[in-house]
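Heads up: the structure comes next, in structure tokens.
Chain naming follows the written order as A, B, C, D, E and F, and within any one chain the residues start at number 1.
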Amino acid sequence: MDNLLLLWNSSGLAQIGLGQAFMMLIGAGLLFLAIRKGFEPLLLVPIGFGGILANIPGAGLAYSAVENAVQGGDPQLLLEFARLFGVTAAESGKELLVAYGSSNSATHLAAEQLAMDAGYSNGMLYNFYSVAIASGVAPLVIFMGVGAMTDFGPLLANPKTLFLGAAAQFGIFATVIGAVFLTSIGWMDFSIADAAAIGIIGGADGPTAIYVSSVLAPDLLGAIAVAAYSYMALVPMIQPPIMRALTTEEERKIEMVQLRPVSKREKIVFPLVLLILVAFLLPAAAPLLGMFCFGNLMKECGVVDRLSDTAQNALINITTIFLGLSVGSKLVADKFLDINTLGILGLGIVAFGIGTASGVLIAKLMNRFGATPINPLIGSAGVSAVPMAARVSNKVGLEANPHNFLLMHAMGPNVAGVIGSAVAAGVMISLVGGN
Amino acid sequence: MDNLLLLWNSSGLAQIGLGQAFMMLIGAGLLFLAIRKGFEPLLLVPIGFGGILANIPGAGLAYSAVENAVQGGDPQLLLEFARLFGVTAAESGKELLVAYGSSNSATHLAAEQLAMDAGYSNGMLYNFYSVAIASGVAPLVIFMGVGAMTDFGPLLANPKTLFLGAAAQFGIFATVIGAVFLTSIGWMDFSIADAAAIGIIGGADGPTAIYVSSVLAPDLLGAIAVAAYSYMALVPMIQPPIMRALTTEEERKIEMVQLRPVSKREKIVFPLVLLILVAFLLPAAAPLLGMFCFGNLMKECGVVDRLSDTAQNALINITTIFLGLSVGSKLVADKFLDINTLGILGLGIVAFGIGTASGVLIAKLMNRFGATPINPLIGSAGVSAVPMAARVSNKVGLEANPHNFLLMHAMGPNVAGVIGSAVAAGVMISLVGGN
Amino acid sequence: MDNLLLLWNSSGLAQIGLGQAFMMLIGAGLLFLAIRKGFEPLLLVPIGFGGILANIPGAGLAYSAVENAVQGGDPQLLLEFARLFGVTAAESGKELLVAYGSSNSATHLAAEQLAMDAGYSNGMLYNFYSVAIASGVAPLVIFMGVGAMTDFGPLLANPKTLFLGAAAQFGIFATVIGAVFLTSIGWMDFSIADAAAIGIIGGADGPTAIYVSSVLAPDLLGAIAVAAYSYMALVPMIQPPIMRALTTEEERKIEMVQLRPVSKREKIVFPLVLLILVAFLLPAAAPLLGMFCFGNLMKECGVVDRLSDTAQNALINITTIFLGLSVGSKLVADKFLDINTLGILGLGIVAFGIGTASGVLIAKLMNRFGATPINPLIGSAGVSAVPMAARVSNKVGLEANPHNFLLMHAMGPNVAGVIGSAVAAGVMISLVGGN
Amino acid sequence: MQQDIVGQGVELMLYGMGTVVVFLALLVVATTLMSAFVGRYFPEAEKAAVATVKAPAAPADNELVAVISAAVHQHRTRK
Amino acid sequence: MQQDIVGQGVELMLYGMGTVVVFLALLVVATTLMSAFVGRYFPEAEKAAVATVKAPAAPADNELVAVISAAVHQHRTRK
Amino acid sequence: MQQDIVGQGVELMLYGMGTVVVFLALLVVATTLMSAFVGRYFPEAEKAAVATVKAPAAPADNELVAVISAAVHQHRTRK
């Protein structure tokens, strides 16, 4: 009989909480958006599925051995944890985990040993997260693969477009202001590090957002990653109205001069130039941009094609699978269901809007003062969201002038935006990373 | 001169034991079966080779730093280990390792540090085992790949066949009874956890068997994995006689109605339905079936083909290589050469037989009471051993009726058997995992 | 204002040292040689790029958390480290790290916890190095892939050529003598373990050199790997003069008898024969040659082609990327810029020369006493450097006799050289590994 | 679980086999309902054919390898 | 950073946005110089065309998949 | 190993080189015996040709890449 009880108690139905059920619906919703609507499926399918797995009641797939042990709730064990963390035994499980979080490495190790000895172990997704994201490796490997898929030709043909990539990053910092403002008026509760991590959503660049939040605000990583990828998928809906509102019919009609051909050698040297600048000016951005440049160099140098192919395929695919599942592990109810998450989602879309607007406006400015004509529509591509944003610029341009192909021109600001947000990431890590 | 001695003493010939020589022959035998006879070569080639490596005298490739240190046998060091484990220094190396095994995490860490400081290190295969199997990741990744290769079409076209997949799992539990019986009469010495792990051989599913035994009976993993894969390869020899014995010529002649076409959408939704059921009823099976469903969803959703292709190729191949070598590390003589191994091999084949029989018998039963005719031969496919068992059903069917193609009909119970044994695995882990 | 200061202080320009600038030039130089001159690009591109990353001032990508913490130089923290390592607080950072290096595992753990608690973390390249090389896995996986790409046909057709592979390894041991001599006269300061690791450069085999130096002389790994790969690329320049000097026109004209066809079965059995010999005579070489044989068996057995293909492509490419970056991490200025590095580079080229010479001379000897004619030019291929050295033999042969194709004949000693240096590696590890 | 090991084994069999049967029975129900639901509200007749043809991925993958190696072979023999 | 969080945010914006603009401005300069230098001393007119045609790798990769799957499809339909 | 480092080096050379030669000599013997044994008891004349033709895998692999990229190229130029 006890077994029947054991089975029932270990079943999900006996343990499911409202939050978990809700989060499983969220996960299913992400899967629907990814599969039916084509929202960044490569990431949102693993994230959505991981989100469902993370919320399976009783499985504890997203929890560490210590968290599982505390939730196990054996009084004797809780007492030992309390003693270890130096808190009164009266504390609830949640308070125990807070104390655990703020304790030092030695205590962490002791707590893990205690949990292991009691027969608890890390959940599958927790292990994926530790290896893929907490170590920082997965976003870096993906960035390397992205570098190996990126063609800097259009950027090299028209370097001025880098300014558009810079301008669009204003969305990031405006969002930081928004976040601290919401905190100051007491609607939300974000630290400056949280605010920085939220702002990076405006970078419209998945791996950068995940890397920054894994460093500055691991607890918000789930919401930030979901926001970043969802809004990147929504770019075709978010940007056009803003672009039309800020430009005149004439401006949208502007045809740009054919890009000059770029030599193979320029393409080979460029990643090294970028790397040197990073090395001398912003070492904090070295891991991200270093791997990005490395991937791009492998692609362009032409002598390591088998490495470049692997970086663009097997390696990035394998990493994407585990990165997605790991992000999903942060969709666990008791961490995700929080008023702050709503704030993050709200601020994220603002970030995209402001980034788009500033890109377009600076493009107009450059058009006024620059010699060669620039179609302001390519400014919106500066938010990155490669290659979606560039396609949007092209599409809106064609509406105004059916013979005006802006795609290649928009690729410049588009990749510039990737560099821009990586630089912004570096600044934020070096300024608030210490906190 | 001392060097010559050093070289000779460090050579294999000076150290080889009878057991090691025997196990190297076993490894060679597995390679022969795999390469010449085509026995599950993808697994048995790495397992066989790993088995040879594990038994190389003096190399200690399959041992941890602590085991290597204890075998090193420096008296001073042994004394320190004895003090650490709280046993009398008199103990032999074997007894020291037993004491080590039963000591807590903190002691483990201290012992490892002691061994490292004395210049000993983990063997290559031991490291592979820790990363691939002890962490549980390799079987799960392989299960994801299997999911990405599985087509649930036939199952969806005829869901009733799920019952056959359930019936065939009786082989698992009958074997558990066999194992505890042999223990009760003193022929063998299995704990209930061991018995559960041995039973899972009857699941005829490699990753499931490895996953369960890595949780419930790590010491038996080598024998269990070897038995599981060998008998899966022997399915064409084991099953037909049983199938013929339990069915009449007429029954084997039964033609089944053409399967209805299954829509893409059903295939996309199915893994999610399965996942929800697992989440609510059997969280302990969530890691295995979760990854399985994830792989299948990636395959069917059609929007992440590059991830699905990687999961089916590069990722599963890489994992298979290290999984096989890791399993081979458990073929080390002093762990494998044991009367219990014989018991496992014996019980394993019984498990296959009983599973086959119960599948066929339930198929006959369903045929008696069901509306649509079912050819009992497809019942044997319920043991899984995908796709071998289904091919066997087809072959035996053709013998009785040359126009009767059962393959697609047998694929239903075949994949149902995979789900069935994963469910059985979950039950066992939640019932005896605590022990 | 403080922020501006913070940013400037965290910038590279504010922190760069002469050594780092110089090493970044070295890295750029390696990239130039790899991309423009085609010097072993698959390794030298990642190594060169990793070398640049490792020397980015202030990023500390190649340092452990403890090293970064000590360089951080917070007095309070340094005091705690000093107490931990049992040295006087007066010590400089460099001395602290020396004390750290010589402390035991428990102290290492405590120091890491101290650094983590102070907010320092391991650099990206340091993590890559720990996982890929310190664990020993990357060179082994690459060796497996090399095995899966190696065809022993020519060697099996003419086993005598194994002697040439043996002879050429004399370069390894002559270099050891050179290294200890330079030490004895006080020009350099190498331990016997260092000397052994340096000698292995003469093996002209990348993974073997990296594996051995990761075990015997981790500090010299960067210089050794760079020397090994650079000289392998220089083989077409280093070898021909030596080959011409040691052979007469007539000898170079010698045509060799057509190789007999080798059966598939011989090729399948050979790796097992080699494995058994290793197991019985030289367990210390088991990891390297074991993985090599495993890869070759996967290739030849013909039943696991999907594993063999993965080992030759996705897996070896992924491993090469991280191996290269990890080796690059050892090009960090304060470890690489050392008089010993010059010694290593000098000794390395001597090793290649002597290896080439001894191969050619023994070939002449065998030619004198053997029945079938041997063209001495194939002796130089015994240094391995597959397949470059064999191509060189062929090329020099064609100069002397336009109808004399030595390529296939040279492949025998060429692959024999791989085995030879792996055996030499085993001997060295078992003789001086203990130190 | 104080009782003897045989008792534990029998118990394990009863609860285990029971769970397997119950679980798969529920899966049969859920699957049937799902198929009916999808078939009713999201029919997709034309695609179906394709869906069933595409069948298992493993073979497909082997075929791919076959095709490529064939290509390689041609290529080799051609030169 | 003692002052209130809004202050910190404003500061972060100023320094952050400043760095981004300065950095990319320097990159514009460096890139222009580099292109001029390479174009002057290492011209490579003929290759250029190819270079620009080769364009992004991602598409290429997709096309590759397309080509292969097409091959597989032919192969399937052929039999 | 108390003696001076030069002594150690010489020793290492003697024992090391000795082992390498002995090991490979034994390998020559073992290989020759193996080939004779296999040739005697498991002849396989016809396959042999294929075996030698198939030759090293690396090239094969490069050729494969070549073939595919050729295909891709055609494909590109075709459109």
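Everything below uses one rule, namely that a residue touches a chain if its C-beta (ideal position, glycine included) is under 8 Å from a C-beta of that chain, and two chains touch if they have at least 3 such contacts.
What you see is a predicted model; the values in this text were computed from it and never measured.
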| item | value |
| --- | --- |
| Taking each chain's C-alpha mean as its centre, the one farthest from chain A | F |
| Pair with more cross-chain C-beta pairs in contact, given A-E and B-C | A-E |
| Far-end chain from chain B, centres as C-alpha averages | E |
| CA centroid of chain A to CA centroid of chain B, Å | 38 |
| Intercentroid distance (Cα basis), chain D paired with chain A, Å | 34 |
| Multi-chain contact residues (two or more partners), chain A | 3, 7, 281-282, 306, 309, 313-314, 427, 431 |
| Overlap residues in chain D, where contacts from two or more other chains coincide | 1, 15, 19, 68, 71 |
| Touching residues on chain E, where the partner in the complex is chain A | 1, 4-6, 8-10, 12-13, 15-17, 19-21, 23-28, 30-32, 34-35, 38-39, 42-45, 47-52, 54-58, 61 |
| Residue numbers on chain A that touch chain B, as the complex places them | 3, 6-7, 10-13, 16, 24, 28, 31, 34-35, 38, 41-42, 45-46, 49, 52-53, 56-59, 61, 110, 112-113, 116-117, 119, 124, 127, 313-314, 317-318, 320-321, 325 |
| Residue ranges of chain A in contact with chain E within the complex | 148-151, 153, 155-156, 159-160, 162-163, 165-166, 169-170, 172-174, 176-177, 179-181, 183-184, 191-192, 195-196, 259, 261-267, 269-270, 273-274, 277, 281-282, 299, 308, 312-313, 387, 416, 419-420, 423-424, 427-428, 431-432, 435 |
| Residues on chain C engaged by chain B in the complex (per definition of touch) | 104-106, 109, 135-137, 140, 144, 268, 272, 275-276, 278-284, 286-287, 290, 293-294, 297-298, 301-304, 306-307, 309-311, 314-315, 427, 430-431, 434 |
